[in-house]
Every structure is written in C-alpha cells, then in structure tokens.
C-alpha cells in the first residue's frame, strides 16, 4: 500500500535520512524502531508531506504522493498522530475530535465520534474541557482519537505511548490491534520496543538515517543483536 | 528674465493636519502664479517666483528639520505652517539661518512673544480675533435689543479652541451675556449628541463654537437632531462656518451661522481672480487659501522693495513693510515685534448658498441678520 | 444633568453599536489569528470611501451598498492576507505587525494622494431624521446601525461555532501544525478569516457613512476604540465584542457627560486598563491555563 | 558588541562610516535628519531591552518617552529648575513610569498582545491627561525658552548636538551590550524564551521584567528629554502620540531585535529610506510614505531576522568564544 | 527532606488532588506513580510553588515553603522539570543549561563552564552548540534534567524524564541519576517507565483520582491489587512480577 524508496531528507544543510526504503502492506502493523534522533519523526513527516525529501519517492496505493500537500495526503487516507500531540489547546475536546474529520469521513463524523468516546471513556467525561488543560495522558488519547476520526487507511503513530501509564500503554497496544483489525494499516514509531514488536507484524530498525535491520517482528524479538542494542539486555 | 527667486512653503501635507496644509500650499501656489503672470519681481529684473514646497508631516521635529531643506535649497524666506506647534518649531530653526518666516496661520500668541527677529505674523492672533468678535457681538446684540442673555461655548481642546474659550468665558459676562455651559471636546470626536443635549439643556440663547470642519459638521447635525433652539451660532476661527463646502453640504443647518475669522476682501479683483482659480482647480475656497496667498504677496512685496535675496536684508525689508496691496481687508502692514498690528479678522455669515461678509462695514457684502429669524 | 442620563445612555448605545461593528472584524482577525491588524482602520476608511463613491457617483444609498461591498471587501481581505501579509511576514508575529502597519501607511497615503484630505460626507434625504424613544431623539442612521450590530454579531458567532470553516479558523489560530495534520488548508483558512474581518469592516462602513464623514485619517478615529472593544469583550469572542462595544459606548457617553467630553476618552482607556489587569480574558473570553 | 560575521561587520562599518561622514559633509539637512534619527534610535534601544531581549513587545513606549520629556519640561518651565537637574529627573521619571506600567501589567501576568495593548492604553491615557491639565500646558504643550548655552543644555551648533547624541547612543549601546552578557541579560532572554521554565530555574521573573521595564523606561525617558532639549517644544501628540511608539519598535525589528547594533542600524536604515523616498517623490507628498512602506514590506520578506540576522548569515566567523572559558 | 501534608487542589468542580501526603528522605529516590490524570503533575506544581494548594502544607528541609513563589523555592534547593518540555527554544543547548547555572554562578564565563560540564555529563556534549529547538523530544527531556542539575539543586522533582527513551537509553539515564544521587542529590520522580522505577526508586507513592492509594517499595507495589487495578494493569504487573526488569 505504501512504498518508500530511496528517501533522503534533512533540515537545511543537515541531512538526516540517507536513502530509506520501506514498505507497508494493507492491513499490517509495521513498527519503526531506533534510538533518539535517528530520523523516525523525519520519515513520518516525509510521508505526511510536511518535509520535502531531497531524493526518493513515496507511493501510496500505487500513486506517487511525494510533493503533495499534507491536506491532500490526509484526504487520500493517511493520518498522523504526531510527536508532541499537536492538539488544539484552546478548543474543547469535542471540537478537537470533530476537526479530525475535517478532510475525510465527514459524513460518518457522529458515528466515529461515538466510537472514539467508547474507546476512550476518559474523553467522553471531558468533552467540554479545553484540551490544553488535559493531563498528558489524556492529551495523548485525544490526539489518537483525532487521528482516527478521519477513518484513515494508514495511521501513523509517532510514539503514542509517550507519557502513558502502563495500564494505558497496554490498552493502547490493544487498541492499535483493534484499529488494525478494522482494516487500517499502522505505522508505529515506538520506544516501547518489546510491546511494539509484540503487536507488529514486521519491523524496521533505523540508525543514523539508514535502515539497518528489517524483517518479521517475531524474528527480530529473538535477535540477540537487537536485544542488546535496544533493550539493553 | 530667466532669473528666479525661491520662496519656501512649509506646510503639513500629510498627517492629521494635511487638509489645512494642502489648502495653504494651494493658496501659495495661486499667489506665485499670479505674481509671475504679472511680470514677477520687477525690481529684480522680473525674476519669477519659484516655490519650494516641503512637507512638515504634521510633526514639529520634521517641520524644524524641513527648514534645513529649505535653507539648503536657497529660499529667501518661507511661509508656514498651519498649526502653531509646527510654526513654533520651524521658526526657531529658521532663526539660526536668519531666514524670514511669514506665518500663514499661527494664532498662538507665543509665536510673536519670543522676540525672534525672523518671525512675522501677517494675520491676527487669537487675542485680536476674540476681542474683535466680542466687539462685533456686542454691536449685534445691542442693535437687536439684547435678546441674547446666555451663551454656551463648545470648543476643541487644543491650544486654539482652549485659548479662545478662556478669553470668551472671561469677557462675555462683561457684555451681560452669561456663559451657562462650557464644553471642550477632543479632535477628532465621534459623537456630538451629548454636547447637543447639554447645550439644549443649558437653555443657552447662543452657541459659541470653536472647532474644525468635521467636528463642526457633526455638531451642527446633532443640534438639529436634538431640536436645539438657538438665537445665534457665533463661532470664532470656526473651521466650518467659513468653509463653502460646509455651506454646500449642510446648507440647512448652516443658515445664519456667523464666524469671526480670517477672510479676504471680496471686492478686490485679485480676490475674485483667486476665487475663480480655486473653483477651477476644484478646491474649497477656505481662509487657509486666502491667508497663504496673502503671505506670498507680502514676501513678494518685500523682495520688490528690497531688490535683494540676502536673507538679513529681507528680514529688514519685511520688518519695515507698509504693504497695502494684499487681498486681505487690512490696512497698511505694520509689524511690531513681528506681529502685524493692522491685521484684523472679519465677520462672516452664511446666507443661502453664500458666505457673506457682514463686518467690518467698509468691506461688508451683506447686512447681518441677528438673531436667527424664527421660521414660519 | 440627571434628565440627560437616559438620552446619553441611549446615545451611547447607538454609538457603541458602531464600535461593536468595527470590532467584530478586528476580534476575528486579532483574537483568532493573533494578528494585531494595524490596517484595520485603513480598511474601514477604504470601505467608507467605497460607499461614498458608490453613493456620490452611482447614486446608491449607503445601505444598499452593503450587498456589493461585503463580497468585495471579503475578496480584498482574502487577497491581502493570502498574497501580501502571509508571504511577506514569513510567519513571524512581529513581522505581521509591521506588514499591517506598512499596509496601513500605503492605503492611507494613497487615499490622501488620490482623494486628497478633503472631508466628504454623503447627502442623504434622511440625514436629520430621528427616532423618538423614551423621550430621546435618536438619529435614524444610528438606530439602524444598532439593529444591524444586534443582528450581525450572533450571525457571525453562529458561523464561527457551528460551521466547519468556523472551527477550522479557530483551530488554525491555535495550532498550525495540528491543523495541517487534520488536513486543513492553513493559508486558505487564514485568508478566509481575514476576508470575513474585512467584510465586517465594509458592513460597519456602510452603516457608519450616513451619520459620519470620510477623510483619509478617519480610520484612526475608530481603531483604538475597536481594540478596546475587542479586549473588553474577550479576544475572539463575537458576542463579547457586541456587548463590549455597547458598554463602551455607554461608558464613553456617561464619562463625557460628567467629566467633559475631552476626558470622556479617559473612561474608555481606564476601562481598558482595568479589564486588561483584572480580567484579561475579557467579559466573555476564555483562557487556557 | 562584537560582530559575529563578515556581513555584520560590514553593516556596522557602513553605519559608522555614514555617521562619521556627516562631520565632513557639512550638510545641515543630513545632520538635522540624522539628529532626529539618533533620538529615535535611543527609544529604539530602549524598546529593544524589553521587546528584543525580554520578548515583551510594547506598543506604548511613548508613555515613558513622553513622561521623561514632560517631567523635564514641567520642571524647567513651571518651576524654573536647572535644566541639568531636569534632565536627570526626566530619566528618572521615565524609569519610574516604566516600572509602574511593568509592575501593574506583570503583577497580573499580562504578556504578548495583552501587554502590548496595555502599554498602548497607558500612553493614550497619558496623552489625554497631558492635553487636559494646566501643568502640562494643556493642548498648547510646553515650550522651553530659547537660550542656548551649556548651562541650559541647548546648543545652537548642529554638530555639537550631533556629537552629544552620538556619545549618548554609544553609551546606551555599551550599556545594552553589558546587560546582554550579564546574568540579568541571560535571565531576561530566558524569560522571553519560556517564562515557566525560567521560573522553575529560580528566576524571579516578575522582578526581572519590572527591572527591564525600568531600564527601558529610563532610556526612553532619556530620549524624550533629548527631544525636548533639541527642539525645545513638546505637546501631548508629539511625545505621547503613537508615532513614536511605532518608531520605537519598527527600527529594532528591521535591524534585528535582541541585538546590540540592530536598533541603531534599523532606525538609521529606515530614516535613510524615508529620506530617500522623500527625495525621489518630493512632488507627491504622501507617495513617499507609500514607497517607504513598500520597501519596508519587501525588506520584511527577505529579512525575517532583521538586517543583523541577514548579515549574520553572510560569512560567519567561527564562533568559539566560550570554549576555553 | 521534603514533607508534604494533606495537599489538595481543585480546578472548578474537579478535585485534581485531595489530601495527598508524602515524604522524601534526604539522599533518596522516591517515585510518584499513578494513572494519567491522577494529579501527579498537579502535585509537582504545588510543591514547586507554581500553583497554590487549596489546602495542605509543603515543608522543605524543615522550612514551610507552602505558597512560596517558584524562584524562592528554587533558591532553597528544590527544582522541578516539566512533563511537557519547556526549552528556551531560541538558545543553544549550552545557553539553556547556563540559565540554570546562573543561579549560583553570577559570572557568565563561570556559568557557561558549569553548563558545559553538566551537558557533557548527561551525554549532550555533541549538541552543546545546537539550538534547543532542533532537539528531539527525548533530547529535550535530557535538557530539562541538565538545566535542573545545573542549578545545583539538592532535591530534583523529575516529571517523566524517561518518556520517549528506548530501553537502552533508559538504562543509561538510570545510571546517571544513580550517580548524581550518590553525589548527594535527592530525587522525587514521576515516571511511567516501570523499568526505571523498579531499578531506581527505593519507595514509591501511587496516586489515583487525586488520592494516595498506596505507598511502599516498588516490589510491594507491583503486588498491590489496588495499584495493579488502577495503574499497572494485569499484563504489566505480571511481567514486572516475573522480575524481567527488576
């Protein structure tokens, strides 16, 4: 469904990604692993159209999407839950969610709204609270909920478990499974390496802007090299 | 022929005084054109007057710096600058160059009180305007059997309005007119309903306004809307009552309004020519145009007599001026400490579509109507 | 004096309606986009001239000019924001300020150049008509403006809270990246907001013209009061702007009555400072922690 | 004060060459207009303390500027106080006004545009008051008696005035530079960048901000007094009007806010631009402002960080100052 | 060293913290756990003086600091970091840290030197000249810690500094914190990364709906049914009990 080939990108003169190839098939969960600052978020932003790559291309469902505007990419069915959440702090929780369906799935807005409130009862309790006053975890739920409002075909989650309690993390991984079960492909960037690999079907490991490892998630989990580097075991 | 002599025109062409400044600059230009057409400065071989117009931007420090530009351009004297604040700043700067400044409009008395030798004020100051106004008013009221017993003063809160109001409040009671209300307002002011209400509630027989055109217009409308019944509206240096545009656009409320202000002598052929040129240029015929026209005449006369472009010499010839040929209804010019003691304001009254001159009698074009006749 | 209080309050209310109308556009642009639009007064002036010329040359009553000028000024605002203010300010708030400042210089001085500093006002048959209400005479034009303000503010408010575009405008204002993520066209939305603000100004101008005059400087007469109105009402709050405008009209009128018109303005600015100090979120504004 | 790049060095060099060349040009026009620019530059430097370093953009520096000018003028005109003492009093009054506005505004946690507007409102209130009361000369303003001399701080000779202004601008800039590299400066910048974080790191943000306002007010007051001494006349619209508040912020932003040289360079540049526009279009008053504004807008397009910011990107010097510290 | 007694805070109708008490002994590392929205950060803001509690007292080194402004509390030696990181975005990393160092080093060169030293120590040596705005979230978290350390504070309140780090990086920071503790600093930390809590904290408190529901060693807590129910979830608890990361 999503094919990335030879992507190079960076900020100003600083190159961050040095030719990344990657593939996500419909309906699968792909984990993207790597330590801090290796370029995972940068890659997400290339896919979503926020950063123009200096080389390479991204294809979605066969069509080239490099160079498209973020809003057009959203319209095609790629939603991102960004690092740092980027919710609308001065809007209410309900308004935040509704805006999630700005470009896509506008017709099913009510349905999806209810669905998300059921998944995150905490949000339902706070529909009229300003999003900026939510606790860190609540904000994370809101960001995911907002991303799901557009019924994406591919959901990019950038560190969704950041700041969530273990219970919530667990729920979230369960949730990712459910979202995926509904047919939505997921690109998961996570620091929670173990759990990501548990839920993902395949995984990529990125280091200093290069892909250094890829393959079947279960296989990776067993890889001693990876365990050493990323789990400190 | 071919020789030119430069005269400066320092006026606020932009900023909040732009209207007055532009009118003044236009007046100066008409004067220069007229003089040039009549053969220029004859004593200097028919030298043509070239005006150097600079923008004071309605800011004193710019006005002062603009004097440098004028001096560098080689002007022999200059006129300006519509508002007292600009005039004060510029004349001080001009003193350093021994450059004569003939004020077009400068009602503040401080202008001539500083003893600067380069400063000349051709037109009357606020003191003279108010005292003449009081004198006229006394005559008018007496002739009508003293129907006006009470007055309300409405003035803008700048130097020009406040000075006037202070003098009037002191002097009117001596004529048996009680001042029942004094209201000051800022410029610009958005709403005159309250003022109209207060004037009406005060029961004043007469209103004495002193403000600029826009405020005057709003005030006149509000007075009408609030059904204020007044025997007379007598303004001093009013911005509207001697502005033909006000007469045209607010003809209804403008009727019988009187103003004690600068005005030309309409009987002079040059005045009529000026009026024609102004109309042709599509401009408003306001006192700014006239006054500025006259100041250029004064400067030209000094050049004619002095036949010199030396700045100090011009100051001397100006100081000794006895010029009698301006369009203003003045006697021969006589500068005492720079102030023309023979200048005088006139009294106008709006009648129909015209601004008529009712005082002084020797220049009058109509008999005054006082108080305002009751309708029906 | 006491007999004047009621008429003064009524007069203040009708004047306040004008403040509210001017402030509606400003509160949108300023409260929502965080753009301190220094060109607002100039746009008002431009709209007044437009209405004036339509009336002078086209014989069109200023009230009938509303359906023409509203869309024209929407487009003007849209174009200004999209192709001048946004690209020229490179996204920095300080630069936006300077761009609007420069724009106002351009508009004001072009107006001065082409239309001169002459005062103009429209000649309409009902200029002196009044409406008698509770024993007070209210100028007809101001009463109409009052009613129009009462209608315009809620309509705009509904637009902002009930429509997709409305939410998008508010979202973009707060979290640009977040808005892009949900697929909002940020530049377009900014421009739409600015356009609506300009259309509000056009409405205000058409309602103001019958009772006022036009000069190139006329915008400044209203712009500071409009800022005050915006803050008092709560930045971005449309109902707030309406209530604050009316309130300020009354405050100003009563201060003028009791302190003298010169110091009447003090009432406005003192109210302004007090509001900023004690309730910066304004009467109806809400503020995130 | 050290330039950090070739570009900045060139820019500063150009400004210095221009300022020095006036001594040889003997053109009263240029000198007169540069005198105005230097007075504005002092206000711009004042604004830069709060707006540039502290991130508290004020729209009302006229409040302090005017208070300085009026304090000095009132003492001289109404009470016959010695101009030198009045000069100092003007600076103190400016500082006091700055501290007062700051104390009030920051006590209630105002920032951003709220702060900007409250300063604007203060300037307006002061303007209305100054034009309404007798002690300030009401609408007529106050005028100093023209009596040039060292004892009255009035100088007939333009180049003397100019030299004094240059020295004062240099002093203010030196103070700015010293502030910038002091602990106070670091704290002020920290407050600008993130107030909550600054508070957490032990910074009394309220005090820092009020102090910055006081210093800025002192500079603005100084500029007001300079205006008074140079032009001998003030009224409420001149010193409390919004024109000076706007000039105070536009110079630093164009020049580079939060830099030592930016306010001076920006102000000079803008004044030169204005003067140039005037010369190009002197027959069409008003259009010069249009040209000025158009150039200003274009400048903003290409100078998002101000002139100093642009210059900083040209030929950057290797920056290793703190390495061996 | 820190004694918090009966702290309460409500926002409008919502009781974010009610009647919470805790103690931090000198030289200890104490955890503060709890589900999202339990009121942990709110506790920190009250302890550090950013908001005034509705009720309750905070004593630091024997002195009542309730309601003192943050800068006074910081001067006494207690400092907090922010969960939602707050770097001075326009400054370089080193300058960021120096702002903290200025608290006790008034001279610029000294403060910069301290900053450099602290930065290197936290593994930020290579980034010292980079603008803070170019750091990733995890980099910013480290910066928060560095800045706090640079003030020379004795008690550090860390709000989720491990969030966003991969396990091996967590281990690295854990090591650093332990080392700093050994130099005489005390920590109270909010943390969801249980790997870190288990290996660092001597004791921990658990907040739920604003109330303290448990207190004990991490080992005890993972067995506590209330904690498992409200916070850990059965899966995580099971894993932790197995001692995977203890």
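Odds and ends about this structure:
Note that the chains are named A, B, C, D and E in the order they appear, and that numbering of residues resets to 1 at the start of each chain.
In this section, a residue touches a chain if its C-beta (ideal position, glycine included) is under 8 Å from a C-beta of that chain, and two chains touch if they have at least 3 such contacts.
Bear in mind the structure is a predicted one, so any value in this text is a computation, not a measurement.
Contact with subunit B and subunit D alike is made by C.
Centroids built from CA atoms put subunit E at 43 Å from subunit D. The distance from the centre of subunit A to the centre of subunit E, each centre being the mean of the chain's C-alpha atoms, comes to 28 Å. Separating the centre of subunit B from that of subunit E, both taken as means of CA atoms, is a distance of 76 Å. Our note on geometry: subunit A versus subunit D, Cα centroid distance of 49 Å, whole angstroms.
Shared contact sites, meaning residues of subunit E that touch two or more other chains, are absent. Of all residues in subunit A, those touching 2 or more other chains are 133, listed in ascending order.
Touching two or more other chains at once are residues 109, 112, 262, 265 of subunit C.
Touching pairs of chains, sorted by label, consist of A-C, A-E, B-C, B-D, C-D, D-E.
On the subunit D side of its complex with subunit E, the touching residues are 181-183, 186-187, 189-190, 192-194, 196-205, 319, 322, 325. Remark: subunit E residues 48, 50, 69-72, 74-75, 79-82, 86-91, 94-95, 98-100, 102-103, 106-109, 111-113, 116, 129, 147-148, 151 touch subunit D in the complex. Only residues 30, 34, 36, 84, 87-92, 94-95, 97-99, 101-103, 105-106, 108-110, 112-113, 224, 227-228, 231, 235, 262-263, 265-266, 269-270, 272-273, 276-278, 280 of subunit C touch subunit D when the two sit together in their complex. Residues of subunit C that touch subunit B in their complex: 1, 3-4, 7-8, 11, 15, 18, 109, 112, 116-119, 121, 123, 127-128, 130, 137, 139, 211-213, 215-218, 220-222, 252-253, 256-257, 260-262, 265. Note for the complex: subunit D touches subunit B at residues 27-29, 31-33, 35-36, 39, 128, 131-132, 138-141, 143, 145-146, 156, 227, 230-233, 235, 237-238, 243, 278, 282, 285-286, 289.
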